[in-house]
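Presented sequentially are two complexes of chain A, the first with chain B as partner and the second with chain C.
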Partner chain A sequence: MSDNIKVTIDNITVEVPNGTTILEAARMVGGDVAPITMCYYSKLKGSGGKCRTCLVEVSKGSEKDPRPMPKLVASCRTGVMDGMEVKSMTSERVKDAREGVTEFLLLNHPLDCPVCDQAGECHLQDLSYEQGKQGTRTDFTRRTFAPEDLGPYIQLHMNRCIMCFRCVYTAEQLTEQREHGVLDRGDHARISTCISKALEHDFIGNVIDVCPVGALTDKTFRFKNRVWFTKPVDAHRNCTNPKCCGEVRLWMRGKEVFRVTARKDEWGEVATASNGETGWICNECRFEKKDTADWIIEGPSRIQRTSVIAQGHYAGTVGTAGKSEKLIDKVIGKEPIYTLDIHKVSEVDNPNVHLSQIAGPAHSTDFKHDIKDR
Partner chain B sequence: MNLTNRSVAVDRSPMTFSEKIYIPGILKGLKITLSHIFKKPATVRYPEETRPFSPVFRGLHVLNRDEEGREKCTACGLCALACPAEAITMEAAERLPGEEHLYREEKYAAKYEINMLRCIFCGNCEEACPKDAIYLSETIMPANYRRDYFVYKKEDMLITDEQVKAKRLKLQKA
Partner chain C sequence: MKLLLDKAHIEGIRYYDTWVKNGGYESVAKALKMTPEEIVEEVKKSGLRGRGGAGFPTGLKWSFLAKPEGVPRHLVCNADESEPGTFKDRYLMEFLPHLFIEGMIISSFALGSNVSYIYIRGEYAWIPDILEQAIAEAKANGWLGKNIKGSGFDCEIYVQRGGGAYICGEETALIESLEGKRGNPRIKPPFPAVQGVWMRPTVVNNVETIATVGPIISMGGEAYGNLGVGNSKGTKLMSACGNLNKPGVYEIDFDLSVEEFIYSDEYCGGIPNGKRLKACIPGGSSVPIVPANLLLKNVKGETRLMNYESLADGGLATGTMLGSGGFIVLDEDQCVVRHTMTLARFYNHESCGQCSPCREGTGWMYKILKNIEYGKGKKEDIDLLWDIQRRIEGNTICPLGDAAAWPVAAAIRHFRDEFEWHIDHPEEAQTRNFGLAHYADPLLIQN
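Coming up: the complex of A and B.
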């Protein structure tokens, strides 16, 4: 049983252990061959099979039965067979099907990326850019839900949800008592706590990391800054919670810690920590340690060059470069005179105002105070 | 090597008699000067008169409001991202209940600044804006002796309620 079997994906042959899914095999090949997943999460048991974005064409079933599978199959839920041949990005049928799936996912998804905090690291954004159609063909009003409050840490935007069930599995597998779930059916199905309740378990903050869209976002980071204007920095601390690995990614701007998330791997999933377990982090690390002094900073995170987050960040030196010697001093033999200190004029990034220390999103009241100070 | 056939070598031969007495040369020059009296002047009297702008002229930025006079900008940061000169900075805030008449979306720019000393008036911000909030007008950037004058705040760029009302009146009449 434990023998390795051979599977060919987009003309690349890999050897995988028996019982691997097509998706996992495709991820072993890596790159664009691996389908984008919206609901499947390798770190969560039972996830997958809901969104249909990972559809692939099986052009040869196996060595013993070489007939192709009649329909496209969800690669996250289909196991590989010996000698199987799979077409992922090389198949026109798959391309067409994924376009259709993307269109359905976007059917009720609001076009509020300018407002959404997930923009820039949103899997649905990636999917619609890479595999979606240009325009929309529908003009009816989108499904909307009444806003629901999930406590001081987690912001729920039910309108943006694509029903991937990842947060439900996270709550089920990381916490003792799951307090939220999917209510109602069909078009009305929604993530909710039934009667408005705050989600308060120690590890419930991880639903923010697993959410592929902006449905569950960090309330302590809400509207504070855009993802791509903050610098991702790997850091750790000795967390007292035995289940928390304490290894995180800080999203900093200057010396302020704007957001703390778990570290992500190349598939956008929570990475495996140094102790060999999945690097879930506790709520204390995520929401309450917004101070550089709380963390031991390891260095800048590796961000894919194609990501908008890498924009304006210089590889290798982000956040770690010390004070460099000013060349201009050598040339002119004296300190240059600054004719304009931008902080004396500018009201943005005021050194006396720390947006990262405000519990929730900033309001006009926070800024009124700021103007009076001047 | 000649790049064009119009280059002429400097004539260094000794002057002739007519060139030495200078009078014909001076008369020739005066003729050119006097002829300009009858020509159209090349300059315009600037504050009263302005030159016609090119239809694609890009001047000072304007932050737009919607038909109900609410600010359109949601502080999405795409203008700052698109800005090659890194002139634009902003800070966002959440709209409070009761502020719906001021801001169109639940998120808005509490602070919005353009450093006009950095700005190169390329218009990329206008192009990047998903909310049609920022426009480059046909106003020339005014000069000033102070540098801090050139950091434009949101209030300096936002079109006023009166302008919105005037535009609406104009639309109703039309």
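Coming up: the complex of A and C.
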């Protein structure tokens, strides 16, 4: 195909359509080669370029102009050129820069994971785990913001926000009128509705799903449970809202539905629904339908490699599988942190196995047991 | 040689009548007889470099402007002059508004911009009135509006006031702000030359750059290009401030030595109270600070001249930059730690908050510098500062990150002993200044 161009990322060559970003190309390679994204969201126009966690080194500009790029570039906003060579996890410069970005993002982060609803599915936790350092070099008081009320459904914890602007783009692109934005600037920039107003639009609940951290959380789920103590189940209903796909993920314990979210894909983004469009869901599905009778249950969800729910759901150390083998061979001198695709080694995706039968912390019988003991 | 300020002393030059009596608008009349391409060619020949700080060749920038059929193009003048130490644009706009408007008309004609904008910083509260009056006068005399002087070219100029943010001087943030949005720099590409204001091709130029276009047309690009040395062509406005006998705005030739600029009576007239020179920031707060011994001569012992190449000789390690021409002089009584802290506070305050290294890093550096300045510093803080600035530089969306990192890097590079002294003598540092150490003015040490 003439439209396709070749790009080499961490010594792995892929063919991609012209106009693809380095990040999307890296995602095609997969595994750890794809940088973690804290602000880019493929489903939101204009997102990306802000957090700088996806920095990569371009060691060869293109076939025509082989000069390397002097600065590291944000892979989510840089297009590939034919013959481009990129270093992501194989570059020391990139590693150092990402470590720096992680440190910057954590500098004023409250680190209140023990009481944060996002813990367990927080991208900042993943980032710190993969690219951060132990310990801290700062002992300054962290920046704090006054609490702001966004109405009955959405809780804003501005102290946790990393200013990715995803929620702003979501509001801009999914709702008729933008309901909130960014006030102030610098390290005091904050998400706000300006004059404390509730976020009320019937699609605004999606900001909870796009928020990479616990800055925007679901008030109907708040403090009710931990993510890893609930089990994700895919379900759908015939939603009357024409824009809503009605395909969701229920987070259950026993028969109780604790939380409803959109379905997420491999990269933690809202997945494409069966109608081919992004699977945004309406507020009614998200906040009002907390009964299994409201839903047609499809079965256990596929769980992401980074999810805490995955932890303990597979036994022992399993050898590399498929794609990952290739990675280890190719990524010379580097030991990828996640080389295994947990779906290949875990039973969580096996529809014939009930989640509660898999050993690990995250199934309901454990907790029933706990309660009895107490 | 004076090209810009030659008429500045004339009484009433701010007004149209006086301006015209002194040869005003002749350059515009000449330009309107040329084709736009010829004007761009003249500007290219002149070798004029952008006076906003980056020094990008103006003619080249103009030739990059995309010209899709049927899409309007715009000229935007960056009058957001907010860089600490820089106040040359203010002088031009306040005292020679018609020189500036002439440049706006010629540039708009050259670029095919029928609607041009001047984005001026909010703090210059009284200047928009001056500019609007000059625009009204020009319009009343047929230099603006429909079919200017029968040339078939229409042009309107609008003045837009900013809201008081340094970051709105960055060209894409300026464009966002001009469009009425939050002044966040855009992620490039696309560059303004392709998608600028209202997503149309746009050229953003500094006030001084645009004001220079008139004289270039009058005297011809080649004649202008013969002035100056190397790739520094023509003349440059410097705004000198700090410990000087005669701070102010000066028009300099590029072969002037730094020493002469500071000490001669024609320019800054030396340092008050017989004090000695300690350090200098020659191009506005974002360029590296250099100690006296590296300012007057470069490492090879050659005299430094006031031009782009000579000041930058030695790179970031021992050189600095001409930048926007905000010349800040520090005498022996000034504290580099305190000075660096003040700059760090500025950048912390002015970061737009989009990208994490700049948003978080600037605040962190400010807090550490504050600790050192107020006697609470630790030895490892200096290396930590170095590490922070290193990880900000080059990793941000817009150059404000670099601008915040460089002053800190340069201060540590050249004045590390002063930082160490602050940390080792926390109490003494509150009452006494570190002084000159080894980086004093070499000329005065000899005497």
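Just so it is clear, the second predicted complex is superposed on the first by the 305 of 374 C-alpha atoms of A that agree within 3 Å, B and C clash if a C-alpha of one lies under 4 Å from a C-alpha of the other, contacts with A are read in each partner's own complex, and residues count from 1 in each chain.
We take it that contacts are C-beta pairs under 8 Å (C-beta built on N, C-alpha and C of every residue); 3 or more make two chains touch, one makes a residue touch a chain.
Remember, predicted model here, so these are calculated numbers, not experimental data.
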item	value
Touched partner set for A:Pro114, first chain B, second chain C, both or neither	first
Touched partner set for A:Ala293, first chain B, second chain C, both or neither	neither
Partner chain(s) touched by A:Arg77 [first = chain B, second = chain C, both, neither]	second
First (chain B), second (chain C), both or neither touched by A:Gly181	second
First, second, both or neither for A:Phe223, with chain B first and chain C second	first
Chain A residues within the chain B interface of the complex	112-115, 119, 222-226, 228-229, 308, 311-312, 339-340, 342, 344-349, 355, 360-367
Residues of chain C touching chain A in the complex	165, 167, 182, 187, 348-357, 359-364, 367, 384, 391, 394-397
Residues of chain A that touch chain C when the two form their complex	48-53, 55, 70-72, 74, 77, 96-97, 100-101, 103-105, 107-108, 137-138, 140, 143, 162-163, 165, 181-182, 184-189
Residues of chain B touching chain A in the complex	74-78, 80-81, 86, 89-94, 96, 99, 105-107, 110-113, 115, 117, 130-131, 147-148, 151, 153
